[in-house]
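Next, two complexes with subunit A in common: one pairs it with subunit B, the other with subunit C.
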Partner chain A sequence: MSTYSFLIRRVLQALAVVLLVTVVVFCLLHALPGGPARGILGPQATASQIAAFNHEQGLDKPLPVQYLYFLNQLVHGDLGMSYTLNEPVSQLITERLPKTLLLTVLSAVIGLLFAVPLGVWQAVRRNKPADYVITTLSFIAYSTPVYFLGLILVLVFSQVLPWFPAQAPQGNSVADILAQPQGLVLPVVAGAATMVAVFSRYMRSATLENLTEDYVRTARAGGTRPRAILTRHVFRNSLTPVVAMLGYYVPVLFGGALVVEQLFNYPGMGLLFWTAAQSSDYPVLLGCVLVISIATVTGTLLADILQRVIDPRVKAGRS
Partner chain B sequence: MSSLASLDGLESKPAPAVSGTRLAVRRFLRNRLAVVGLGVVVFFVLFCFVGPLVYETDQTHTLLQQVNQSPSGAHWLGTDAVGHDELGRLMYGGKVSLIVGLSAGVLATVIGTLWGAAAGYAGGWIDAVMMRVVDAGIAIPALFILLVVSAITTPDLTGLVLILGLISWLVPSRLVRAETLTLKNRDFVLTLRAIGGGHGRAIVRHILPNSVSTVIVAATFQIADAILLVAYVSYLGLGVQPPSTDWGGMLSTGMTAAYSGYWWLIVPPGLAIILVVWAFNAIGDGLRDAFDVRGRA
Partner chain C sequence: MSAVRRPAAPVAGEHILDLDDLGVEFTTETGTVRAVRGVSLHVAPGETLALVGESGSGKSTVALAAMGLLSGNARATGRAVVDGTDIVGADEERLSGLRGSTVSMVFQEPATALDPLSRVGKQIAEVIRNHRRISAADAAERAVELLRRVGIPEPEQRARSYPFQLSGGQRQRVVIAMAIANEPALLIADEPTTALDVTVQAEILDLLRRLAAETGTGVLLVTHNMGVVADFADRVAVMYQGALVETGSVEDVLLRPSHDYTKRLLSAVPRLSVAEADGPGERPAPEPDAAAAGEPAVELKDVSVVFGRGKHAVHALKGVSFAVHPGETLGLVGESGSGKSTASRVALGLIGPTAGSVTLFGADLAATRARARRALRAGIGVVLQDPVASLDPRMTVGECVAEPLRVHRRRLSRREREALVADVLDRVRLPREMARRAPRELSGGQRQRVSLARALVLEPRLLVADEPTSALDVSVQEAVLEVIRELQEELGFACLFVSHDLAVVQQFARRVVVMRAGRAEEQGLTSATLLHPETDYTRRLLAAVPVPDPVVQRGRRAERLATLAAGRTEEQG
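And then the complex of A and B:
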């Protein structure tokens, strides 16, 4: 398969996936008992009030019609109005998404900065005590619910030792948030922990795999110093596939952000989603899930392409 | 056979026959972390299911005369906000966590295995459509789906297992599909087809039994992830209803108390979750190496 037809096929597949996601989410939200009207108007609402609300929101039309209507608006960049916040969903998301991206990108970058050296070190010291200790620690980090870790961080580093605030910075823009960096420390650490655990494992196995390659033996036989082999050849060849893995990791990052934002009251999209779920604000829920799934599908697409570009042996792709 | 060997003068002792399974067991037992993991799981199963018979506590009545007591000789891990003994509660809640996690993990693996085998075996556009469905599912993070579901309903235990199973079968389906793709063109399957064997027979009698090691490894990781997911369930508002509870529920209700310094309400359930999830991951890791199959890195 040529690179062009591969690209075209993968992009079409990605579009199909996004379309499927809209169907799934649409169906899921329409499974609400009593519909969103009950959630918005409260348990005291009369049947005629509910009927009026449903008519106003177009909820009394057949589902396929509602879906097509929704899709048509979507294509025009219109995600509808929030039921409770009285603002267009697209505006709410454009206001919150950059802040969530700030949190996830910071967590990912800081996570990688720790994970990569740890993984290389483990590979070099394979099956020695250091390897076992880090392996155990990363399994533990992987096994810890993010909210439990966040709680412990707050108790230790905010209550017992008053080093950092327990609340995330508040503000409307990314600049406002960045102006209070101390408040970002605990949320970012909580978000980065799983990342360190998972990516140090990836880096360890990628490095181990490369260490057994023929080119390493050749370089060694040619008299290249082991350290130079490691930094100049093995490190570079192992790092790229591991960074490509980030693309597949997007949903986990957003899942982490959901919990971290709620726990630290960070004003991002995760918190928006959380409050929307409490108040059955379903245009907001739909909009957020859509944005996240587009981000995930894009991440997967980029990772697939990147893997193919950096490793010509990956021809068939993950299909 | 032996006569042929004696003719050639090759009558040496045959190597002791070691079955693949026994070899795998031996390799597994050499993996220290995996064996420790197995020990941890056995410990917690005994703790939760046999423990309450030895250490009897009242987990149904509110005992106002003994609320929020710190650990002491009478209550080794203290008591919670309604006076329940925390150690007893850890056993009581652990039952729910283990049963729900185990069932959801197994259910997810079963769904994923059937879906993946069917997709891989069918191939062509059926495979393409089935795998796009998997991609779509993976594109929505599990926690977001759980939060939406919590806005809609509060399920009972069976419902909870179903929901967790239905949102986490995606990864095993990819693994089994990949396995099926290589198996379906192997000679024994092609032979079966050539002599008129049906597709169902090919999948059930030949492809699935040959993917068993992949499936077992996937199931172990799936159980680990399910127990972790169960820990999020109460936090997301889908929790087990009182007076019943699980480790995640203990953690969520203990969170506010923890700010008042009642650490014993969150540390034990938190550690229990971490240990059990860690243990299943370590076992999965050991099984993967022992069976020499692909799985999680």
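And then the complex of A and C:
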């Protein structure tokens, strides 16, 4: 399959998935008890007030009609108005998304920069003390909830040792936030910790598996030195499964951002989602979920493309 | 034929490989295993020593020890001297300097021997640059030359291919190109042709022989195939349970073996009978076909199978017809990709034909309903190639054998089932107590007998055996085939026997179908077709099979090469 037709097919698939997500989310949100009117107007609202609100917002129309109405607006970039913040959802999201992307991408990149070499190193030193120590630490990091880890980080590196601020940088733009990098340290570390734990494990097992492959023996039989075998052959081969996992990891990253942003009061999508969920702000919730699903689909798409670059067999349609 | 050989007294410097009292121990969870004990042998420059034996004899371990490539839990003792350097105890840096330059290796499995993500030219160039200070561009150029030398067409383009873009034979040529890149003094080939088709095997052996002769390279050839030994080796060393039992010239060992084990081993090797002079005129008149008169157990009529659609469609079978009658064995032979396994699956009703008809026990499969078809299938037993993969490791042997009864004879009580299982275990000559054991506790031959018991427990009218013995040693193969033959006489089932091994089919099957690229190239009585083939293809196939007699094989090889050369001049002229 040519790269061109592959891209078209994958993008169409991605669009279909996103559309499906909007349907599912739309149905789920409307299945929640109370409905948006109760959320906006509060518990004291009378039945007639609620009916009037529902009529005004078009919430008394049949669900499919509401959905089509929503889709039509979506195509025009209109995600509706937030019930509680009185701002267009699209504006809220364009304001917050870059900041969340900054946090997640930074966490992911830094996490991988540690995870990949760590995994390879563990594989090479398999079943030696260093491997056991890192494995134990990985499992601890993996099983510690992000909010708990964040609290510990704040306690140690902000309260006991006053090295970093406990509050994330505030500001409306990415530039504002980058102006105060020391405030980013703890949120990024909290976001990257699980990433390091998970991906060092993936990398370790992928490397171990590849070290036993026949081609390693062939390379040794040709006089290639162990270090060169690792860097030239094993590393690339081990990376392919890890890259595939990376695509699926995007929603986890966003989930992590939800907790991290709440914990450090970081003004991103996670915080927006959190507050919207608490006030049944349907348009905002739907907008956030849509953005996250697009990000997930884009993530897997990028991972697929990256795999095609690394592994020629994928391009030829066999693996 | 040179009967006079150099005396075996090891003289340092004269031999390129000298093993002296080599031992290898593996430390495992269950204790120490001595895989190799007191092996002493040598290889002189320009000669080929074949190291033969059955699985577990330690022959591959010896080869790996000579390369210093033993796994981490292995410990070598004694001496393994390659060109003056003792490999045992040498450090990794020293070994890296030797490997690929003084001594190199060709492996069994060309499918996995190359890095799937690197271009083959680059992998060859890497071996060159490991040992020589030349630029990347020069190394790449050398790599192309090497590809040409090992007979890869369009080497410039092929150098840029990834391994998955090459056929198995081509990949093995690439591995050989890597091995000869720095003109080693010693080449170790561990089952270099076992994973290949016979015609490709013949080409690869020709190539190795030519390269070794050109450069005076000594070859240590590890193989279980006595035909390959007869074709290639000057001397033979026979291993049994980790020790050498016999060493001598290829004529002595293969024609006049002195050790009992060697005699047993050689007598178990299926031999392809060959006609003294080939000619269609000598074909005997077909004997009256008594069995063919009755209704066939399974019959394929003009069956075609197409996988996929459009330009990606694969025509796996093109108008294949054959029938298997009760009490007879039909051999289905052909090279990989010829469609023999597809044809057997069509006979089983696992693959529906795209065109043509399949008649099973007199019923047209296309016209039967699912329930009736299920009942028909209860009349078929299946034995597959891999005795490890085809038994569920979580079941006991008894449960494995009883499974078809649970599916097709649901009314049986537990006691009745157990009685039937015990009965069928008797038939395949396994002790009844084995029913309680797990498949992993059994040897390969025993497992294959369990598969056979499972296939026979419903007293099938048709047995489909797809390469049932190709994963087994020759002595075990002989025993398993013997059991099938006896049971067939007793129970009278029809047998569809799929195999790549022409010698086995010649001994085992009454009639044979030769498959090629999805077509039945030719079929007939085995005694006629495999002795006096009518088509060029079958003739070529038969000519490529090495026979385990060095004298006969030398003649066959010369004949085959002459035919090839004649074909080539004809093409050019």
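Criterion: the second predicted complex is superposed on the first by the 286 of 319 C-alpha atoms of A that agree within 3 Å, B and C clash if a C-alpha of one lies under 4 Å from a C-alpha of the other, contacts with A are read in each partner's own complex, and residues count from 1 in each chain.
Criterion: contacts are C-beta pairs under 8 Å (C-beta built on N, C-alpha and C of every residue); 3 or more make two chains touch, one makes a residue touch a chain.
What you see is a predicted model; the values in this text were computed from it and never measured.
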Chain touching more of subunit A, residue-wise (subunit B, subunit C): B
Touching partner for A:Ser280 - first (subunit B), second (subunit C), both, neither: first
Contacts of A:Tyr147 with subunit B and subunit C, given as first, second, both or neither: first
Which superposed partner A:Pro226 touches (first subunit B, second subunit C, both, neither): second
Which superposed partner A:Ser205 touches (first subunit B, second subunit C, both, neither): first
Doubly contacted subunit A residues - partners subunit C and subunit B: none
Subunit B residues touching subunit A - in the complex, by the definition given at the top: 33, 128, 131-133, 135-145, 147-153, 224, 228, 231-232, 235, 237, 248, 251, 255, 258-259, 263, 266, 270, 273-275, 277-278, 281-282, 297
Complex interface listing, subunit C residues touching subunit A: 67, 69, 92-93, 96-101, 104-105, 107, 109, 112-118, 123, 126-127, 130-131, 162, 164-165, 175, 178-179, 181
Subunit C contact footprint on subunit A (complex, rising order): 213-215, 217-226, 232-233, 236-237, 240, 310-313, 316, 318
List of subunit A residues in touch with subunit B within their complex: 13, 16-18, 20-21, 24-25, 28-29, 31-33, 39, 132, 135-136, 139-140, 142-145, 147-148, 151-152, 155, 159, 201-202, 205, 251-252, 254-255, 258-259, 273-274, 277-278, 280, 285, 288-289, 292-293, 296-297, 300, 319
